[in-house]
Amino acid sequence: MHLLNYAIRRIGQTLPVALLVTVLIFMLIKLLPGDPATAILGERASDEAVRDLYRQWGLDRPLWQQYVMYMRNLVTGDLGQSLRYRTPVTELLPRRLGVTLFLVTYSIALSIALAVPLAVIAATHRDRWPDILVRALITVPLASPAFWLGILFLIVFALKLGWLPAAGYGEGFTDHLRHLFLPALTLAQAFTAVLTRNLRSSLIDVQTTTYVDFARAKGLDRQAVLFRHILRAALLPIVTLIGVRISFAIGGSVVIETVFALPGLGSWMVESILSRDYMVVQSLTLAFAFGAMLINLATDLVYPLLDPRVRVG
Amino acid sequence: MNEPILTVDNLRVEIPTRRGVVHAVRGVSFTVNRGETFALVGESGSGKTMTCRAIVGLIHPPGKIAGGSVVFQGQDLVRLPVRDLERVRGSGVVMVFQDPMTALNPVLTVEQQITETLSRGEPPLFQRDRAIELLRQVGIPDPERRLGSYAHQLSGGQRQRVMLAIALARQPALLLADEPTTALDVTIQAQILRLMLTLQKEFGMALILVTHDLGVVYQSVDRVAVMYAGQIVELAATAELFARPRHPYTIGLIGSVPSADRNRLLTPIFGMPPDMIDFGRGCPFAPRCAWATEECVDREIPLAAVGAEHWSRCIHVDRLDSAPPRPAASPGGVSGG
Amino acid sequence: MSTLVQEQRIVADTGGRPRLHPAMVIGGLMLLVIVGASLLAPVLTSYDPDGQDFDQILLAPGARHLFGTDNFGRDVLTRVLYGARIDLRIGILAVVFPFLFGSLVGSAAGYFGGWVDTIVMRTVDVITAVPFLVLVIAIVAFLGPGEVNILLAIGSVGWVTYSRLVRGEVLREKNLEYVAAARALGFHRWRILLGHVLPNAVAPAIIFLASDVVLVILTTASLGFLGLGVRPPSPEWGMMISEGREFLSNGWWVATMPGFACMYTGLMFILLGDGIADLLRVKGQ
C-alpha cells in the first residue's frame, strides 16, 4: 500500500511541472526575431499561407489564448506539421523515436557492462596501479566532447579498420546492433565515467561495512560475499544515477545522431533547425522533455522495489 | 573440560598509518578451553577487538597480522590459505559484532541471511525449517513471520538475536562476541547475555567475550584476560582476579566500578591511554600508575606467574596490597621514553 | 560500568596544514600555457587564422604546420590557438553570470522561504525538466546563431544548478546559531543573508564552477559542431571539428586536433576543480 501511495504522490508531483514545461516550450517560439509567420514560412510565403498560419495559431490573439490553442492541439495529439516533409509530426515521430530509444538504451546497457568490471577492478586494487589507471582513463570522456570521441572511433574502427559501419541505421535487428554499436559506445562514455566513479566509491564503502565482515565471519566464501552482499548493495545507485543522468544522455544523443547520421529524433531536430522547420523544433523539444521526465519518474518508482529500506515512507 | 581448542601465541597486529605503524596487538598469548567462557577486558583501543579480528582473519588492509600463531583445533589459522580459513569460519569459529544494525545486510531478509550459510546440499525447505528452529532457539517470537523481515524492521534486541541465530547455524565450537551488549538498551542487555550463556551450554561452545563491563565478567565468565595498550597485563580465573587483582590497571578498573556500597567513592584512573605508535620503553601503564618506579620504564616487562593459573605483567605485585606510594586520586606517575 | 578515560582513536593523520594540491598546480600551469598561447597567438605563429592558401591544402602535420592544414590551406594550429580565445571566453562568461545570478536567487529562496522559494524552485524544476543541451539548442535555434545568443542561451539555463546548490547550503546554514545571534542583535535580513550566510553557503557552488566550465565549453563546441554556434569563419573548435568531418579519410587532423584542444582544456578545468574542492574542504575544517 505504501508503494502505491508513493507512486501516486510522485506522479502528482510531476504533473504540474509537466504543465509548466509546456508553457516554457510554448514561449520558445516567441523568441523568434520579427514576425513569426515570416520566420516560419519564409520570406516568399504567400499572403494566404501567412493568413492561414495566423488563424491556426491565433497569432493575432492575446498570448494566453494562443497558449490555450496550443494546449488544445497538444492534447488532441496534434504536434504540428513538418514544413519540410509536409507531413504531421505525429506520423514521422514513431520511427524516429524508435531509433533514439534504441540508441539510448543500448548506450546505457553498454555503460553498465563497462562500468561494473572497471569499478570492481578499481575498488579491489584500491590505490594500486589498476585503480589509478582506471581513474585516469575515465577522466578522458569527462573532459572531451562526445562527438569528437565519436569521430575518433569512426576514424579508427570504421574507416581505417573497416570493422563497423560508419553511418546509418541498417535494416533488421542485428544490423541495427552493428550500426548502433559505435554510436552507442560513444554516447556511453560519459555515463560510464560517472558510473564507474560512483560504483567504485560505493564498492569501497561497502567492502568495509560490518555486514560484509559478518558475512565473511560466518563462513561465506569470497564469491558469495562479492555477489550476494557487496555487489548487490553497491549496484543500487545505478538506478538512481540513470534517472539523474538521462538528461545528459538525451542531449548527447542529439549530437551523436548527427555524427553517425542516424535517423533519430535528435538528428531530426537539428535538420529542422537548419531548415527553419520551427514547429517541429518546438514539438521535439517537448518530446525530449517529456521523455526525460518519464524516465526520471520510472527510476524513482522502480528504486523502492529494489531497496527495502525506502519502502516504509 | 580442560581441553584447549584455541591457543593464541605471541600474536601481533600492525596497522600502517601516515603517522607511523600502530601496534594494535603486541604479543598476546592465551588459551581457551572447550566449552569455556573467556573474557577479554579493556578500554577502547586496548587491542581486544583487533585480537578477535585477527583470530578469524578479518583485519582490514592495510592492517595485518605481523606475527604469532592462532592454533584452532590443530590448525594455525594465521598460516591457513584463504579457502581453508573460509571453511573453518562458520563451522568452527564465528564472530558476532557490536552493532547488530550494521552487521546485518539491510537489503536481505532474515531468512536469506541465515540460509546462505547452510550447506548447499540441503534442500531449501529443510533450510527454511532450520532457520525457523534457530530463530526459536534464540527466543524470537513467531519465527515464521520474522523470516521475511529486514534488519530495519526489527528491534535492537531482536537483531542481536538474529545475529546469534546466524552465527550458530553451523554449531561452531568457538564464538567470539565483540561487545555484544554495548549497543543495546540496558534492559535488553541482561536478556541477551543470558541467552548467549544458555546457547553456549546447549551447543557446548567456547565463548570469548570482549567487553569493558566488569559487571558482566564477574557474573558469567570463567577466565579473564585484562588488556592494556595491546598487551595482556593480567590473566586469571574470574574469582581469583576479583579477589586478588595483581596489576595496578586491574585494580583501577575494579575500583572504578560502581558498587552497592554507597560509601565507597568511585576512583577513576587518571591519564590517557598511550600513543599506539610510539610507546616508549617499559610498562605502558606506568604514566598513570600510582605504584610506578624508575624500574618500570627501564625495560620490557614480561607476563609472569604470580599464583596458580594467575599471571601479571607487573613487577611490583608484592606491593599492591598496601596503599600506593602516591594517593590513587592524584595524576602523575612515571613516564618512560 | 567502569569509568573509562578518553577513547583513543587510531586515525590517519593528514599532517596538519593545507598543502598546495598537485592538481591545482598542474591545472594552473596548464591554464597559463593555454591562456598565454592564445593571447600570444599572433606572435607565436605567423599564419593568419583565416588565411586561405590553396597550394597548401590538407597537408599532414609536419615541421611547417604542426597540426597540418585544412581544406582551405589554413594552418590548423593557428586556428586552434585563435579558437582558444573564443572557447575560453565563452566558457568563462557563460559560467560567471549564472554563478552570480543563481547563487543570489538560490540563497534568497533558501533564506526567505515562502512564495519566493516556491517560485524559484518551480522555475528551477521546469528548466531542469528539459535536457540541458536540448533546451540550449532550442533557444539558440529560435534566437539565431552568434556568440551573444550562445551566452544568453547557456546563461538562461545554466543558473539553475547554482541556485539549487546554494539554496541547499543556505537551508542548512540558516538554522545555525550565528544566524539567530545576528537576528537577535537586530541585523536586517538582507544584511545577514548577503554578509553572513551567503559567503558560507557558496562553497559547493564554487566547486561546481570548475565542472560547469567544462560543461559549457563542451556545449559550445557541440553547438558549433551542429552549425548552431559562433558564425564561420570563426575558428571555434566545435565548428572546426564539424568542418573536418568531410575529410576524415584524407585529412583526419583537421577534425581531431581541435578535439585534443578541447580535451586539454577539459582536463585542465577538472584538475583546477579538484584543487579548489580540496582547498575549500580543508579550510572548512
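Going by the order they are written in, the chains are A, B and C; count residues from 1 in each one.
Here is the rule we go by: a contact is a pair of C-beta atoms (placed from the backbone, for glycine too) under 8 Å apart; a residue touches a chain by one contact, two chains touch by 3 or more.
Here the structure is a predicted model, which means the values were calculated and not measured.
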{"item": "Highest-count interface - the chain pair sharing the most C-beta contacts", "value": "A-C"}
{"item": "Most remote chain, CA-based centroid, reference being chain A", "value": "B"}
{"item": "Distance between the centres, which are taken as Cα means, of chain C and chain B, whole angstrom", "value": "54"}
{"item": "Separation of chain A from chain C, taking each centre as the mean of its C-alpha atoms, in whole Å", "value": "22"}
{"item": "Chain A and chain B, separation of their C-alpha mean positions in angstrom", "value": "54"}
{"item": "Residue numbers of chain C (touch at least two other chains)", "value": "none"}
{"item": "Chain A-facing residues of chain B, complex", "value": "56, 58, 60, 82-83, 86-91, 94-97, 99, 102-108, 116-117, 150, 152, 163, 166-167, 169-170"}
{"item": "Chain C contact footprint on chain A (complex, rising order)", "value": "16-18, 20-21, 23-25, 28-29, 31-33, 139-140, 142-149, 151-152, 154-155, 159, 246-248, 250-252, 254-255, 258-259, 269-270, 273-274, 278, 281-282, 285, 288-289, 292-293"}
{"item": "Chain A-touching residues of chain C, taken from the complex the two chains share", "value": "122, 125-135, 137-139, 141-144, 214, 218, 221-222, 225-228, 238, 241, 245, 248-249, 252, 255-256, 258-259, 262-263, 265-267, 269-270"}
{"item": "Chain B partner contacts - residues on chain A that touch it in the complex", "value": "208-211, 213-222, 224, 228-229, 232-233, 236, 306-309, 312"}
